[in-house]
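Please find the structures below.
The same chain A turns up in both complexes below, where it pairs with chain B and then with chain C.
So, the complex of A and B:
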């Protein structure tokens, strides 16, 4: 008998994600309609089209490059969320670990004049340490990782503002531009900048994809990954089988933190953006990572596409008509998508039930013939 | 010093309100991580109403209307959690996180849209309520008494009575400890959980409006409520999910939060020359330390966060 494609788990996940996207955009459109009906259609189209809004080919590719530059850190953040979620931990602290990564890499680059590779490594270590702290508190003191993560997000933000305030430009609240402060800290581009006609396109993008593949390999093909997934599925069973539960919790959150920190370095070491030392809210990047991770069906490979999509609509959001709407409409769509992703399991269950009903009905008809 | 007491009281009140919200929801078996978002939405409802009310509105009416609208908006918003967590077995952590992000996004979009429609040159997400704010304050000498302190006190006593002395409260707690057992004696678990989440939305919305009124006379909604909803959850954990202990926990946190607001006015502290960022961080650091010491022996309701499944034994 031919296997029903609807029964395939991967296909169901994809379908559920597509439903989330469509519903998310639809609700976003309704909100736009409520604010100002006349421009709503144009606005939702510019969000969905993003770089395709430009008519000239070279501008299109340049803006695609810009989206990709920001996709790399988002992908790293969503890998971070995904990695810890496989162990049954929800690392909402990724947003703060991202901030720590930005702090470490920028401070090393500007104050100590380090090259790009040591800067990346430092970001990795610093954020990994924060992740490990969350893990240790969870493992040894049973502190809810979501609450400690949020507390550390705010602590990280204030500490970062304080530290990076020492390396900021004289005339504005941003950190110094790397092109002037320390050229050697800018990530190498390996010709990618010429392909896109944008000097910020660097090896960060292929590296991020490489990390996605790496995470997939670690999760699915190694003993360590197996232990992590086992701990996530049933903590007690894993413990009973002799897996070091506490060690796994701390290690997975440390790796998760390191991934988020690398993400920040991938953004700030391209020099496309500088850290604003007066910023009063934790950057959205880490939270969007949650959206991308769940939208990608919690698979590292699916996350690559989901990250691109989320960044695509976020960038598109900056192109809506600012006299009527605001760019936060994309944040709203991302938030709705996360909300809907909470229903994925329910949706799959409903799908399987419907299929089973349909099949039993078919079987009945066949037997009566 | 008087200022410190004044701020400690109001922050304690807000933290208790929101922590009680979390407490009701968790006792019914649903983790409400979306309190932060509920606060933002409640605050937005109240702030917008304050701006829209005509100038001559009586003080009493302002207070009642603003409180009512914040409660209603907060309850409506918490339906997002109730529907998904009670009926669709959704992961409550994801839903809560989504609600926090959504709260800030919705508030920003709505406030910006309204600001733009009033004045096309004003794309900010700020709502001002300088005059209306006074309705909530009573000056006793130099001391500003805020009506929300009284409301929080009533809520605390009320919660204690409801949770421990009424049939409803005991049934609610049963649903959070062992829903199957509760169901077997004829309690409708779904209804009880709805009640828990709605009460939590009500208190969350109330806490939200209280928070922005205590802080300033205008609010920028892009910033949300700066992790205050999560501080309240920390208070709830520290308070062992019990109203009278929540008050004690809220006092500790409220004091450190107030210190950040007024330390520059206290000679002894401003002479120490510690950067202001340290005081801003203080409540978060304290909460981390306290959580480390109190989470080990968690007294959380046993069935919290687990979707109710009638078929499970």
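So, the complex of A and C:
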């Protein structure tokens, strides 16, 4: 019985993910020890505890809410990565498509005074179009999607800075706060804000989870998903049986882009953050999505938990005692943990080898007895 | 007393989940003999060889070399023991010379620099001794498949291997090359090398092997002395019943033209000449037409153009009177064309999909399998797949949910054939449908092709196997360098005559 559970794919993924997490935390702890041993334990604990650092229940739940607000966009980004990955494409351009989503939703909200739903849809369409562009270049000119994706990330960033520069606040480089500029663009909360005691907790969170389920259903239950997975697993067979290869490449990258763009709208339309129009690096959200997708074992459902965890330690990193460590330490520690999270697949392979070795050894012992 | 056996594999048992691949198999290879290993696809031959090479660890059994028990836990151990193998798919670097390929991994070094002169001398000597006639400086991609195989043999000899394993070595060769290879094997055995010869071809076993070990469904059936045996006995041992070598066909009833190709040309790679040059041919209902030829003379491209995988440069293709040369692959398939592809792993299957998902690869979009809203109807798919598995006797560990990768080649092929025939096509294109399969599976597949013919459908068979070319079709077309150079009645032509056309030595004007 015990053997069976170890061989189960889902269980293996879970175990591998957990081992990666523990390893990441250990290495992070070692780095902290090297910098300043006296506060290392407290620091790593505050990263792991995140919202539990607060002693009062209402503050705990408020900070949990804050983590969740940022989990929603991360989940969308990792779904974006995962969706294209199933088709055999690596959409590293998700980061740029996320930026386009931020641009479209914020500009429509502030400049055109649109409501939240049309803003969401516009983000979806704009990012989807960028994804489709990457797909079209891949399909018709055989341009590698990683190359064109990375290039477009930068183009998207600077175009967004230019466009959103038109709707920025007078006194700082950030876009105008939606609470003042256009209240109707803020995502409805349906009472969630009162539950968490934080006005930014909105329907974005349940919506993101709904999208994860939707991605799972599309991939596993529909004709479209059957085609996409077949294309990802064996492009030649897909062509042989007459699947429209080019259409599927473009469509899957368009959907991937739309998911990332929605993710951005899910963050900025809560008003918790504003876009900084002088930013010179593509936001990490899209790249962290890669780690979350792999940590979640490339399963849409696993990704929900992986996204939460990654956001949890990222938020936890901001709680580290800044008098003892420099301010970049939180990014460094969460980066180490996220980096190791990417090793899930590798660990699974190693695990399978170990199991095979163990079994053949056992079998030999039995046969000699 | 000196031990007479070079290699002994005693009571080997290797299990996989749901299947016992090797069940108490014993194989004893005498020094200096040619020992054939015969078995159906999925009988466990590959597993047994993987055990010998240390790729799998058996649950039970021991391996002895020269009478002493040895432990082989990886291919390097096998190499150290003097065991070498010529794989079905050669492991050569295309752009390197023969000599470079031979010394690769055991390069002779002098003062830190490569010293090829010693190696060259040894290779030349070996080549002469065994009559291999290989030019050590030729580049691999420029020499024939037969010469490449000899390079592989030289690789083993250069490493002073005593035990040589040939894994289906004749599958890729022309008839002339086959007889030369068999002679080389005899020379090697005469010089004291021990040879293990894995094959399906009974005629070859009869010609060169001293003894033959037969396994069936993972079980050891027996070891027979070839001189006192017959092909009929061997095949009965292998399959477990008597096999009919000759394809039974009803008298022919020709119907209307189903496939008609008119002056079709297909472009080659940029800067090279056309791979198909102005070819015209017809296939009618109720006949099997075989496109014969040596591999690489345009047969693959011809079929790719028919099925839509390659664009046509000029000319017309008509299926049941309709022009299809500009149609998509899907439309051609829907208009009544089924295609059993040459490479079942590259085109024929999604190996990581379960068997049932492979069964619907050509029809998944039909209302029977996909609902109005685009959802797959899993229940229908399962029952459809179960029906095909039953009808075509596709064997696998867990039925419909078996991952296709875990199935044997023969059963994968059966699944593809089930899928393509069940589509009820007007035209069935079968490209090397029996490649790498055993006599039992070959017989089954030939019967299916003939059944299509007898049902009035058109069958286009592309084959490299002369036995198949002579036996199955009603008409033979020989393709040489992208042109059809001869048309024959299989009953009225000899293998030698066909061989001349296939090699380009003779050429007719073929009228359509």
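Just so it is clear, the second predicted complex is superposed on the first by the 326 of 369 C-alpha atoms of A that agree within 3 Å, B and C clash if a C-alpha of one lies under 4 Å from a C-alpha of the other, contacts with A are read in each partner's own complex, and residues count from 1 in each chain.
Convention: a contact is a pair of C-beta atoms (placed from the backbone, for glycine too) under 8 Å apart; a residue touches a chain by one contact, two chains touch by 3 or more.
Owing to the predicted nature of the structure, the values given are computational and were not obtained by experimental measurement.
Counted by residues of chain A touched, the larger count belongs to B, out of chain B and chain C. Of the two partner chains, chain B is the only one that A:326 touches; chain C does not reach it.
In the superposition on chain A, A:240 makes contact with chain C only, not with chain B. Look at A:226: by the touch rule set out above, it reaches chain C but stays clear of chain B. Within the superposed three-chain model, A:11 lies out of touch with both chain B and chain C [touch as defined at top].
Contacts of A:41 after superposition on the shared chain: neither chain B nor chain C is touched. In the superposed pair of complexes, A:345 makes contact with chain B only, with no contact to chain C. Listed in rising order, the residues of chain A touching chain C in the complex are 221-224, 226-227, 229-230, 233-234, 236-244, 360, 363-364, 367. The touching residues of chain A, when paired with chain B in their complex, are 31, 35-36, 90, 92, 137, 141-144, 146-148, 150-155, 158-159, 161-162, 280-281, 287, 290, 294, 322-326, 328-329, 331-332, 334-336, 338-339, 341-343, 345-346. Here chain B touches chain A in the complex through residues 33, 80, 84, 88-91, 93-95, 97-99, 101-102, 104-106, 108-109, 112-113, 116-117, 120, 123, 125, 222-224, 226-227, 230-231, 233-234, 237, 275, 277, 280-281, 284-285, 287-288, 291-293, 295-296, 298, going by the rule given at the top. Contact residues of chain C toward chain A in the complex are 57, 59-60, 307-309, 328-333, 339, 341, 346-353, 357, 361-362, 364-365, 369-370, 374-376.
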